[in-house]
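By letter and in written order, the chains are A, B, C, D and E; residue numbering begins at 1 in each of them.
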Amino acid sequence: MTTPILKVTGLTMDFGGIRALDSVDLDVRQGEIAALIGPNGAGKTTFFNCVTGIYIPTAGEVMLTPAGSNKSKNLKGLKPNQVTQRGLARTFQNIRLFSRMTVLENVMIGRHCRTKAFILGAILRNRATRREERKILEYSYALLEKVGLANQADEFAENLSYGAQRRLEIARALATEPLLLLLDEPAAGMNPQETKELDELIKKISREGQAILLIEHDMKLVMSLSDRIFVMDYGKMIAKGNPAEIRTNPDVIKAYLGE
Amino acid sequence: LSSAADTIKFGVAGAHSGDLASYGLPTVKAAELVVEKVNANGGINGKKVELLVEDDVCKPEVATNTATKLISDGVDVVLGHICSGATKAALPIYSNAGVLVMSPSATNPALTQSGEYPNFFRTIAPDDAQAKIDVEFALNNLGYTKIAVIHDKGDYGKGFAEFAKKFLEDSGKAEVVLYEGVTPGAVDYSAIVQKIKRSGAQAVMFGGYHPEASKIISMMRKKRLKTDFISDDGVKDNTFIKVAGKDAEGAYASGPKDTTKNPLSIQAVEEHKEKYGADPGAFFENAYSAALAMLNAIEKAGSTDLDALKKALQTEKVDTPVGSIYFDDKGDAIGVGFSVYQVQNGEFVEL
Amino acid sequence: MLKLENVQAGYGSIIALKGVSLNIEQGEIITLIGANGAGKSTTLMTISGVVKSRSGKILFNGSEIQDKGSDEIVRMGICQVPEGRHIFPQLSVQENLDMGAFLRKDKGGVKKDLEYVFDLFPILAQRRHQDGGTLSGGEQQMLAMSRALMARPQLLLLDEPSMGLAPLVIKQIFEIIKEINESSNTTIFLVEQNANQALQVAHRAYVIENGEITLSGDARELLTNEKVQKAYLGI
Amino acid sequence: MFTLKEIKKTVLISLWFVFLTFPLMVIKVDPIEKTVLWRWHNALYVAIGIFCIRCLIEFFRHRKQQKEKKKKNSSDDSQALIHRILVDPRKRNIMLGVLLSLVVIFPFVFDTYQTNIMITALMYVVLGLGLNIVVGMAGLLDLGFVAFYAVGAYSYALLNHHFGLGFWAVLPIGGGLAAFAGILLGFPVLRLRGDYLAIVTLGFGEIIRLILENWNEFSMGPSGISNIDRPYFFGINLSLEHSILYLYYIMILFLIVTIFIVNRLQNSRLGRAWIALREDEIACQAMGIDKRKTKLVAFALGAFWAGVVGVIFAAKTTFINPASFTFLESAIILSIVVLGGMGSIVGVIFGALILILLPEYLRALSEYRMLAFGAILVAMMVFRPQGLISKIRRTYTFKQE
Amino acid sequence: MDYFIELFCSGITRGAIYALIALGYTMVYGIIGLINFAHGEIYMIGAFTSFIVATVLSIYGFPLLAIIVVAGVAAAVWSSAYGFTIEKIAYKPLRHAPRLSPLISAIGMSIFLQNYVLLAQTSDFLPFPELIPDFAFMEPIAHIVGSSDLVILITTTVVMIILTFVIKFTRIGKAMRATAQDRTMAMLVGINVNNVISATFIIGSALAAIGGMLIASHIGQINFYIGFIAGIKAFTAAVLGGIGSIPGAVLGSLVLGLTESFATGYVSSDYEDVFAFALLVLILIFKPSGLLGKDETQKV
């Protein structure tokens, strides 16, 4: 079996007296959709923040391994931009778009870390720069088409509907060509119709070989998408398995699902 | 230039707004008073005098605009600028147009001594001249051997202080125990006062203007420090006594000779009080004198041609509030005898 | 109790409400459903006086409130849980709750209600002294809801209260809605993406499209309405 | 049009202002002579003045409302006009052509004074464009921009004074040193957000000025450096008028280059990163943008322009001292950027022209000059809070090959 | 050691002076996030008003205590009126404007007010009457701490304590904090945001006025420009302490005052401001939101 793309071991995070993450282990494999679920305040978003460099974890290891290679990169202690550079991209629970930039520009920002024109290139606008700029445009536009926002490319991001903003965040994250895509509650605030569309979109992306780890409270969506599910409670990983296992796991039912 | 025009255009340039307005505005008032009086008496050589007042906020870059503005308005002579820096920036422009400039307050020695500004005159003593008087007074009359030299970091104050320090050191008779600049406008000077106290100075020699001087002297007295205070003609201003009140008692300051008893000076101050309902501010008398001197030169020369004016200024004596003066070939006023004053019973008394 | 007559409102050149009329009776649970950007939140904000109506009338218990300041409107008994939670980030959980009771004078009552909400959401009691801004998304949503309860409003406006909550808590939220409606006779105006559940608790419902009310009626009937099912229930 | 209620309100407002201005406007005391002067007429002036101003404001507001009601859907005001011209390339070229010829013949139509202040205005346009990179694009509030200007000016003054280096030789050196100073300042303050950054930059500006003031051996202290060479024209020393003319054209050329470069920067990968950084730092980092590098580049580039203009400044006034580099100067440059419309090149040009030419043309008001200037600054912000000309949104056209 | 104590006391006095102005700065900043450059001018107007009133009263022969009280009250009333009016004219219309627009408006206001006082009164320096007499019991240590130093120090301390209490525990204080953090939500819990903002300006301005009177009496002179430098320094102090925080403003002011004093005493007053600003940079590097400022909670 190949090494998992993301392998997190013993991740621990303390805020003052609160232990928000307590030695969490998690791994995401090549091409799969994994889900991270758990009650409110379980530490899911904190997990994302620690993995992506926004918080510096108290302890633990975060290893990222590109597909088909066995050269792992340790992400612990890196800055968020370096983490993205290495191949992790994320969306935010509370949407964080560049609201006064256009939809297209938002995605183009995502291309930043994969391109390199700088001051001189900008001023001289030489062949290489122009080519690169055109490529950025093409790539970004293609992504917008993929998420179904191409016809709103010139709108300000803040003028999009909620669901559209969520999809734009996904497109922007995809623009960084991540090895693994992290989605934090992509369906929150969406109506059932939009959730259905989102379901299809994620499946489409996944079919193209993109590995995904998502946090979500909409169980219908989680069950329909995930290959494997991780369940957290009070900062601890309490269960993992395929949807069927999780659905019937008594701990999970007690802590999270109800019924 | 404008011999054909039917008025004499008398420019007044200086800081009329911003933090240094209090040094510039009295000049405007002096010019207004003089010109009003001259015009009431039929003008100069049958021509009325017209005032052109322009602000330069004491900034070199604005001063160049001010100067070009005055030139393009056809100015004949200029009273100003107030600050040495602004004056230096503006002078080449006036000189290019052949316009005479006389400042009531720009004291930087280089303005006259460098010979680079042939069209420049002033009715105030340069920094070095006053430093010399004050130093000699402190050494010879007061016999001090430990002196703290303080300045306000400005071009005038620091210029004065540098010369004072140099003269003191050169004399070999006294030691400069402290040489420092204070921040003008600071809310509290007690730290520097403590430092003066610690330095064991017998006298403080201060280069700068009366607002800082009164703040420092008041703070010294508040801290029960009886050290003497010696300063320049930026301080020899009645406002100093008013603001510092009883703390000013005993302070020394150099300035033009016996102006307070000069009838012209008394008259000028009276005119100001009558018209503006208040005592005049800084450099008022210097400005009043400069205006008189320039208008007198125009009258005597019969034109506003620079060379003719220069000649008249250098040869014709004129009675002014600062004394009966004429100018040397560098542009400094002669006849403004300088002496040292002391505040006694709320008045500057010549020693 | 609350009546909107042909209310228009918007932001700058955008007109978000193009003449909305609706009617809420004392003691009802009314839900407003509609697509993203249809104007649901704007409707609530206009009632609360944060967004000013440009024309039309808003009547609360018979008096016009469209020109009143939002603080007066709150004082009259209309309280809102806004979209996006709007927690005071640097006030502690406790202080956030106190702010909810800002206009109340009965100290004893406030204390009782505080215990009541801590009872509803024990996690908040645990986090009592933590800054509101550092709570998890779901915790913040619970706090926002509790804060509104602290005001003991006559009319409670809820904007997507179930957003970001775990399934168990969502269930609980809808139970709370029912309970406060029944026990303290609070009138509730509920905006929800989760139309299915909203329609199940509500008595009546309105459908808003592009700033206009296009459909209204009994909640259960709308649940079976084909158009509603297709557009909002994802069936 | 004016209802009774309105008039009553206006009267009340006037009375309020009479009360407000009472001690300062009416009473004048002389603490030494112990006299009090009661200037009651001033109270009357205030009352009448405020009444008129308020009527005027109400009148215009009323008229604007009427107008808006009449043509609800067509949103064509002056701003839209400028935008329309700028967006249409043909119209833009025509306008640029007309503008350019106007600019070229300007010194021949107007006198030296006008040309002189126009040079100043152009200098501030470039300063504004430089600061616009930092504030308008990257969203870093810099209240000490004047420091870089000073670095440029002193570079030329000192190199000219000590080593006789010429204008053209120092131009790039001045810019380079200023850019270096920008990076120097940038390093420690990168972590700071928003207004904390503002105060530190303000402090940095003051530090530079204080050093220039106090370190006599290096900068000649407060008395400054005089007799700085004006630019030579192919080795010829020009007369005053001619060198003003020469400087004017240098400035024009330089401005065109600046606009060209700033425009290109704005529409580049780097420019996008700046704007994104301004919008949301955390999201920006999560998208892989190196915050440090991007910010430092903004600081350095902004400072570079300031440095170059500083060199020109020293050459123009031929005399510099620290008094020219006070905080107020930074505030004016910042005002240019905000007043013009943050991030908009055309806006900055308008902002600079207005803010620099205004005080010059207000000279007619003599002592009321700065009073009017302050009031106009407030009024312009109140009536056009987003700036005179808002930034044109760049749209990308996408053609599939 | 004596010298150290002397410098220390000087620094504390200077700090206390800054603090009186910084408190208003920090309050206004805290609530509307505006660097109110006109605050220094409010302070100046307070000083002028108290100057005018005190002089008039002393000409009419009122006793010193009456003069102090009436002049202080008048200064507070008028400065508050100015603060209130300025907010309505120059800041309120800009509530929804881009962040920097009110800043420019404030700079314009500051220029306007300076020149207004310059024209309405005079450009000259005016002697400010000594309102605080030398207390006999202070005489033994008068060479270190003067009476006015003491009064300023006590006033600052009292004001800080009262303000901290007001903000922490009273209704208006809670309303202020809520308004500062989320204006929309403050409206939704029933706070009249306009009134709260006005109240903040009024309190801040009144403090500046009291400060203006005490400081002018301590220094002994005023003119139209005194607000500028004091304002910049107070602003620096407020930031140093963590802008928005009341105790922070006082602590920042004291640190700033002490730094300047020690820099003057042990190094050179030529560079006192350089030291002050360098310290500011240093502290902010290690504590980006000031000494007592809360780190902005950034939960993503």
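Following the convention adopted for this analysis, contacts are C-beta pairs under 8 Å (C-beta built on N, C-alpha and C of every residue); 3 or more make two chains touch, one makes a residue touch a chain.
These figures come from a predicted structure and were not determined experimentally.
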{"item": "Separation of chain B from chain A in steps, with touching chains one step apart", "value": "2"}
{"item": "Neighbouring chains shared between chain B and chain C, ordered by label", "value": "E"}
{"item": "Far-end chain from chain E, centres as C-alpha averages", "value": "A"}
{"item": "Interface with the most contact pairs, given as the two chains involved", "value": "D-E"}
{"item": "Chain whose mean Cα position lies farthest from chain D", "value": "C"}
{"item": "Cα-centroid distance, chain C relative to chain E, in whole angstrom", "value": "42"}
{"item": "Rounded Å distance, chain C centre to chain D centre (Cα mean)", "value": "47"}
{"item": "Geometric centre distance via CA averages, chain D-chain B, whole Å", "value": "34"}
{"item": "Centre-to-centre distance between chain E and chain D (centres being mean Cα positions), rounded to whole Å", "value": "28"}
{"item": "Residues within chain A bordering two or more other chains", "value": "45, 54, 92-94, 96"}
{"item": "Interface hub residues of chain B, defined as touching at least two other chains", "value": "17-18, 153, 181, 242, 278"}
{"item": "Two or more partner chains touched - positions in chain E", "value": "115, 122, 126-127, 270, 273, 300"}
{"item": "Complex interface listing, chain D residues touching chain B", "value": "28, 30-32, 37, 111-113, 116-117, 120, 213-214, 216, 221-224, 226-227, 239-241, 313, 316-321, 323-324, 328, 360, 363, 366-367, 369-370"}
{"item": "Parts of chain B lying in touch with chain E, wherever the complex brings them together", "value": "17-19, 21-22, 25, 153, 180-183, 185-188, 190-195, 197-198, 210-211, 214-215, 218, 222-225, 239, 242-245, 278, 281-282"}
{"item": "Complex contacts: residues of chain B adjacent to chain D", "value": "16-18, 53-55, 58-61, 63-65, 68-69, 71-72, 83-85, 88-89, 92-93, 96, 108, 110, 116, 153-155, 158-159, 162, 181, 242, 277-279"}
{"item": "List of chain D residues in touch with chain E within their complex", "value": "16-17, 19-21, 23-25, 27-29, 31-32, 34-36, 42, 135, 141, 188-189, 191-193, 195-196, 198-200, 202-204, 206-207, 210-211, 214, 282, 327, 331, 334-335, 338-339, 342, 367-368, 370-371, 373-378, 381-382, 385-387"}
{"item": "Chain E to chain D touching residues, read off their complex", "value": "29, 33, 35, 37, 45, 48-49, 51-53, 55-56, 59, 74, 78, 81-82, 85, 89-90, 93-94, 96-98, 100-105, 107-117, 119-122, 126-127, 129, 232, 235-236, 239, 243, 270-271, 273-274, 276-278, 280-281, 284-285, 288-290, 296, 298, 300"}
